[in-house]
Amino acid sequence: MSHQVLIAILLLSPLVGFIINGIRFRSANYLLAGSIATGAVAVSFACAVMLFVELLGLPAEQRRLTVSFFEWIAIGNFKVNAGFVVDQISSIMILIITGVGALIHLFSIGYMHHDKGVTKYFSYLNFFLFNMLILVLGDSLLTMFVGWEGVGLCSYLLIGFWFSDSAKAAAGMKAFITNRIGDAAFLIGIFILFTTFGTVNLHELNALAPAALEAGWLGTVGLATLMLFIGATGKSAQIPLYVWLPDAMAGPTPVSALIHAATMVTAGVYMIVRLNPLFVMAPNTMMVVAIVGAATALLAATIGLTQTDIKKVLAYSTVSQLGYMFLAVGVGAFGAGMFHLMTHAFFKALMFLGAGSVIHAVHEEQDIQKMGGLKKYLPITHLTFVLGWLAIIGMPPFAGFFSKDEILWQAYSSPRGHMLLWAAGVIGAMLTAFYMTRLLALTFWGKSRVDKKIHPHESPFVMTIPLMVLGLLSVVGGWVGIPHVIGEFLGHVPNYWESWLAPLITKLPSATMTAHSATEEWILMGSSVTLAAISAVAAYIIYVKKEGVAAKIAQAAGPVYKAVDNKYFVDEAYFAGIINPLLQASYNLWQYVDVNVVDKATYKITEIVRGGGFIVRSLQNGNMQQYAMYVVIGVVVALSYMLVG
Amino acid sequence: MNLVSSITSAVSGVSVGLTDILLVSPMIILFLFSLLPLTIKVLRGNKEQQPVATLMEALIGLALTATLLIIFSGSGSSEAGVPTAFNGQLIFDGLTMWMGLITVTIGAGAMIMMFENPSTRGPQFSELIFLTMNSLLGALVLISAVNLITVFIGLELMSLSLYLMIAMSHEQKISKEAAIKYFVLGSFASAIFLYGVSFIYGSTGTVSTLDLMKNAEVLLKNSNHLFLFGFLFVVLGFCFKVSIAPFHAWTPDVYQGAATPVTSFMATAIKTASFAAFLRIIASKGLIGSENLFSILQWLAVITMTVGNVAALVQNNFKRTLAYSSIAHSGYVLIGVIAVGISQSSAFAAAGVVFYLLTYSLMTMGAFAVLSMIEKNENNFVQIDELAGLAKQKPGLALCLSIFLLSLAGLPPALGFFGKLYLFSAAVNEGLLWLVLWGVINSVLGAYYYLRPIVMMYMRDGSCNTSESGSFATTCMVVVSAILIVVLGLTSGPLFSMIELSLG
Amino acid sequence: MIETNIFTEITANHYLILSAVLFSIGMAGVLVRRNIIVLFMSIELMLNAVNISFVTFSHYFGKVDGQVMVFFVMTIAAAEAAVGLALAVAIFKRFKEVNIRFFEHLKG
Amino acid sequence: MTADTFLFWFLAFAIIAGALGVVLMTNPIHSALGLVLTMVSVAAIFVTLQAYFLAGVQLIVYAGAVMVLFVMVLMLFDLKNEIQAFSRGRIRGALKIGSVGILSGLIVGAFAKALIANQALGAKGSLASTASTAVGAIKPLAENLFFNHVFSFELLGVLLLVIAVGTVALSRSKGGTHDRN
Amino acid sequence: MLLSVLIFLPVLFSVMIVLWPQKSSVRHLALGFSLIEFLVSLVLLQRFDPSSAALQMAEKTTWIERFGVSYFLGIDGVSLMLVMLTTFLTPIVILASWKSIDEKIKGFHAALFILQTAMLGSFLAMDAILFYVFWELSLVPMYFIIGIWGGSRKIYATIKFFIYTMAGSLLMLLAIIFMINLTPEVTGGAMSASLLDFYKLKIPFIAGDFFTTQTLLFFAFALAFAIKVPMFPLHTWLPDAHVEAPTPGSVILAGVMLKMGTYGFLRWVIPLFPDATEHYAWVFIAAGIIGIVYGALVAMVQPDVKKLVAYSSVSHMGYIVVGLFTMNAYGLNGALYQMLNHGISTGALFILIGMLYERTHSREISKYGGLASALPLYTIAFIIVTMSSIAVPLTNGFIGEFLILLGAYQYAPAVAAISVSGVVLGAAYMLWMVKKVFFGPKGELVRAHPLQDLNIRELAVLAPMLIMIFWMGLFPGHFMSFSTTSIDHLIKNKHNYSLAVVSTSMKSLEK
């Protein structure tokens, strides 16, 4: 099969699944719906694998399969095709998306079997995958934007899947609108790029990217990339637009795994990697990206410390990990960013699914304070969760170790890196280790705090198989990108990841490339791992061994704890600072401008005219002498005018 | 012997030829037919004949008049010159023909309404018809006269008949009050008019408009105040007749007090005739130099439109609303009259005025006719609110009234729009932009009150209905008018060209 | 311009001014008197003023058509008087009043 | 002061006095008497202007017929002194009188200016010297009337007929369909 | 002949409907008629040559010779799509009003067809007076539709609608008359009201001096169109009219009649007064931007669904105006496309709201909630239309909005930057409304009424709209290809605009 057909099948298969399930959305046959949906994604995955294989067979420079189905928009110079491209970056993305996607679909069959809207659920899920694939495959900014908005729409629908609950519906709305803010900036970015380069095709844009760094504080490309980055902060939940993601946990847990951990939220990272030649030329934007990434990583991690909802913890963890990815791309380590994207997809999907399994087991209870000691009831889940835990806290040789370490190293050593960025990363890693251990401890270990009426049970195979597969990936996923120092140590293990992506990654044009020794790298690596381990052990002690310490610490921290516990009051600040004033202003606008100015002005004119009418009426008093007087006065005035006028 | 010779010399001096008689034959016929019902009544021993017969006789008379008017008038576009009769006292040009036709036709409509309206039918119908026809005779004289004294006599014949017609309404008090008001103010205005005529006579030595206009330019240039004042008096006298503010004050009261058919007669036929005479005075090229006169007229037009529309806005009496609307429309027509006055080639603007008067008369007549059908008895004054529900009871009638009102508001494709279009075009052509702008603004005000009856008829529930007594003839008239308004609207081009050609 | 004594040299102007004064008095009468009959009389005064000016002009030009006009005006004035008085009678029958302040039903 | 002059001033005085009488007397009968005085004096003024025929007509038509009509109607109404003979309202009154005053001033001004400015038309200031014999004669008047204005003359006939019919009809009209029922 | 047939067929239909003896089958008859009309317009579409910028299928007959007024019809890329929109929406509207209009059915359908004639006429007329006639004529049936079949404050709303619109258009009439009086200088003597002769006029323009001929004429025309659009701050008639109008009235009003205003800009104002347009474009762009933001903000706080959609119209029409006055290919194409989009998506929204109103007799947002579980199909349709309205890609709305914003960016980045806030605010108010109405626990109205999901008829009403939403979103080329040539022609020759005339059957056509 030619690659055109493969791409077509890859894209259309989830769409067909969506349509079939969408038409029979009333059906409650979870098995049929799930099979259709999972099958559709599996087909896509097969295509993705075949495409990947096809790419492998090509020389490095030619690894670029394109297809254009039809001309979408063509106005003047603005031409956009429904064109898709599979290259080194997108091929990895489609593998992740369809692969992880297929597993999560499978998991959903078990997880959602009792839900009445299961068919609708699967159709949404398929539709999401379709849009996600468009996002990553699109060969122009605009096609990317189609998927970009499309996944936002699906996210909206899936977050609000249990719409009868107002809060859940509101969460969906919040996600969409917050995303829209980013999207608006994204659009501006597209306009700037199109106006500057005359194209929105990604390939052409990258080829046209200026060869020299942009001078000045913020040039055209700088502004464009900054706008695109703002778009990314919306989609990928970075400061200041991250607020939707924790709320998004209102959706079904597999959705959180697929959309809000593995795929959609990483779109921003993907987009920046895609356009790395442009970003590279805008150092200031890069700096912003890196700082925002680091700050988000820290901020979210701290909030994660205090959350008690199992999914919320994972959500803040996701935000934090996304921060790492942005930190990576911000310092120019695009490969590292992509690498972490992949490993994170594995272990975070795993943890979410694990959380799903737990929630399933304890009958929709999400508060970790009401769990504990589940290890014995849920052995498989526990085991896989531990794998994920080890991966996320960066224990070698688990997947997370390699990607996180790469990021930290780059943050330190890259010409655009900085000691502080590295420090932030390491602190973030410590915090991650801490709250993840806390999560694990409170959920699985220690004494059971589960309601006595509930009898937890292990999930069926349909749910545990994905867990196991993802667990495996969390272990081995990082081995494709073993750092050179370790590779050398292990005996010339190459960094496949780096070489695969190399043709599409622009080197940082920096004169001051400082040399860093391998020793330095070893030290840093060791210290970050050690610190994370210490942090994890501390958490273990606090939450398993010495219960009650946590409460004391919280009490000691006082207002700080309160602030963290309340997520720094960011949502409240947004409400008080932006949303409520805006609503109030709108109401006032309506009342004052429409009702009190425009309409009043209209009425005023009417009033004046009517007043004139009443004056005329009062002059018309029925007295004929009065009328004769008007005649005489009229004559006199006319005569006078005749004389003087 | 002596007597005989003097008579013959007189006869030869009179030089009344056949042409003169033929030219005035429409008037003669009109007069003779006006006598017919009355004579029959007298011969029957002062017993009314069937009103239908009276009406038929009158209508035949009017038809003959119209025919003769078409045959003998307006043939003056040939090189022989415009036909005049009686030593140039009357002129029978295109203006006479068109205005005469409008007046006579509309007069016929008014008679049909009189036939069925509760305040005019019944005993004394023949006298009423007699007066109406003689009023029309006066109107015809007014239209065709080019001698100020003939104008005056025509005016008086028209007006005096009208005073009596108003007073003859079966309604007891209000109509009498209206008549006396109209009479006092009318005579007052006549006196002013006459004084003006005497001034003109004093400054030019003639009262023939044709003659005096030859001197007008010189007199205006020297700003001879006697002439200016005299002329202004004459013009203002006409302004009174066509109810230009501030000489309009009689209009609402009299229109309201008079029986509806008589009101419609006043608002249409009489106004048309008065405007014709007004136009004839203004159209004589002698006045082009008088900028002051025209700026006075422009101000009057502005005041008139505004006063009419603004006052109609706050009215609830339907008849009074129409009266104010008629004042406003006088203002629009005055724009055209001014355009005629300042234009070098006046045919275009004059045709605009004639056409507008035609459209205005049709619409107003139609609206009054519907009102006349709704009136329950002679004491009934229809309020706009009382129209509620007419669309349910009489959908056809409501539709017709809507057409009349929308046409009055100047909404295409009804005739009223084209009337406004031509009139405003002529004015724009003469650079009267600000005046037209004002007219346009006023049209918006107008739309507001024209819509109110429509709102009532269609959008409010009510039980408005026509009176039980028969109204077949009026219905026919309403339908014909409505159809004419739509059809003439779409085919107004040739008609307008025809009018312009005959005026040129 | 000839210097003349306005008291001894009677010119056309004297007559015209007389007519103007008469006209104004008539006009004032129409404006201020409330008796409908007196109102008519005032109108007659105005018409008489018109007649004076017509005759003066006629005399002044040495032409007779001014007098013809006066003839017409007089006839019409008489006719007007007839109609007016008929109306007055008619209205008196209904209102039992001739003061116009009672005829203010139509207004607004 | 010649007789002509004296006559003019005397008649002018009579006319104005009569007119003022019409306007100012509160009793309508007194007003009517004032009107008679004015009409007769106007007839005399016509004589001084050599319009003898018109003077006669004035006497017959106005002083005779019209006045009789007025007086008859007044008798019919049986009117006494009126309580509200004049219209009310000071401002309105001032406005009325003021505007009439201005109007007469304007007209007088126009007369004064026009006749002096228009010497060119061949007129002279003095009446006595311009008195034409033709003006006074009845024949040219009749000729003018019947040659030039024959149509208007006939129309007057129609007018009078209309008046006759109309006034009769008006006086006979019962008015009000409700009355008859 | 085809254009005449297209325009006047509805008049014939309306007469036939009035004369139709059977009251029960009037609806079927009207639906059939409107479908016939749609078929005729399809023939038109088929005969249209998209590669030519000329005026096609022109017909010209002298009407009022004295003023050079002629019965002059023609179609080009600018008007074709709007004509199609009109004929497309009418059958839908008739089907949508199947249940909601239950009194004076004959009158309603007759008025609807007259309205259709007026709208088609305004899009096809190439003569100033003819255009004005149709333009004003369109007021009358709409006036009745709102006034007779409207809601509780219908009279207030309909009079406001009428007076506002008429006030604007009368100034335009004055301007038209003035221009007719100018034409002798280009026609060599005779007056002409033909648009083509108007195009030839070189109307003096002095930048900065407001009281020059072109500027004044420009504003006279622009005011008429701005009120119709309606542009801020002349928009207040719209919410009232929409809220009070019956569903079909709202659909036609939002779907087609507002487009008459924007079409007027495109056909009349921009080509006729290029200098003034360029010089004063900022005024309209500013008003457009304010409209976008203002409409969206105010929509956010509306308690009534219909009023919310009405204000959203203000916002959307703001986009169109911005697009028009950017005067570049993206802006103009986008604006034209957005006219169609708005017609379809806002039309569909009004239809949907109408269906809801038929079920519950209320439009108050706060009384709803949880509708999604009661009416799933309805909810799906509503959400799709919402997505179109807030311009989610792959729906029609996106294409138009994107192109307009692109055009705006090329005009001035700041314009795009501010306009783009409409994208966010649009999502905010629409989703807020969706959330309140469809999600959350069941509201009092939803509990109180036994609600039926969409029936076959309603599906048939919505299906074409939904299909169009995706068709236009996926393949905009299918639609834009008809208009791009004309718009390119306009942009290239904006200071020297003229239209060639291609006529199928004309002998007497000059030039």
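Order of writing sets the labels: A, B, C, D and E. Residues in every chain begin at 1.
Methods note: a residue touches a chain if its C-beta (ideal position, glycine included) is under 8 Å from a C-beta of that chain, and two chains touch if they have at least 3 such contacts.
None of the values given here were measured: they were computed from a predicted structure.
Between subunit C and subunit D, the least number of touching-chain steps is 1. Among the remaining chains, those touching subunit B as well as subunit C are A, D. Note: the chain lying farthest from subunit E is D, by mean C-alpha position.
Here the chain at the heart of the structure, going by C-alpha means, is E.
Chains C-D form the pair with the most C-beta pairs in contact. Centroid distances from subunit A, each centroid being the mean of CA atoms, peak for D. Averaged C-alpha coordinates give centres for subunit B and subunit E that are 44 Å from one another. Distance between subunit A and subunit E, defined via averaged C-alpha coordinates, is recorded as 38 Å. Centre-to-centre separation between subunit D and subunit E, using Cα means, comes to 70 Å.
If each chain is reduced to the centroid of its CA atoms, subunit C and subunit E end up 66 Å from each other. Annotation for subunit B: residues touching 2 or more other chains are 149, 153, 156, 160, 164, 167, 172, 180-181, 184, 188, 192, 199, 202, 205, 225, 228-229, 252-253, 315. Of all residues in subunit C, those that touch two or more other chains are 16, 23, 26-27, 30-32, 34, 40, 56, 60-61, 63, 65, 68, 72, 76, 79, 83, 86-88, 90, 94, 100-101, 103, 105-108. Counting only residues that touch two or more partner chains, subunit E has none. Here the touching chains pair up as A-B, A-C, A-D, A-E, B-C, B-D, B-E, C-D.
Per the touch definition, subunit D reaches subunit C in the complex via residues 1-2, 4-5, 8-9, 12, 15-16, 19-20, 22-23, 28, 31-32, 35, 38-39, 42, 45-46, 49-51, 53-54, 57-58, 61-62, 65-66, 69-70, 73-74, 76-77, 79, 82, 84-87, 93, 96-97, 100-101, 103-104, 107-108, 111-112, 115-116, 123, 125-128, 130-132, 134-135, 140-141, 144-145, 148-149, 152, 156, 159-160, 163, 166-167, 170-171, 173, 175. Those residues of subunit B that touch subunit C in the complex are listed here as 149, 152-153, 156, 160, 163-164, 167, 172-174, 176-181, 183-184, 187-188, 190-192, 194-195, 197-199, 201-202, 205-207, 252-254, 256-257, 315, 320. Of all residues in subunit A, those touching subunit B in their complex are 609-610, 612-614, 616-617, 619-620, 622, 624, 626-628, 630-631, 633-635, 638-639, 641-643, 645. Of all residues in subunit C, only 1-2, 4, 7-18, 20-29, 31-35, 37-38, 40-42, 44-45, 48, 51-52, 55-56, 58-65, 67-68, 70-72, 74-79, 81-83, 85-90, 92, 94, 98-99, 101 touch subunit D in the complex they form. Contacts from subunit B toward subunit A in the complex involve residues 180-181, 184-185, 188-189, 192, 225, 228-229, 232-233, 236, 240, 246-247, 249-250, 252-253, 292-293, 295-296, 300, 306-307, 310-315, 445.
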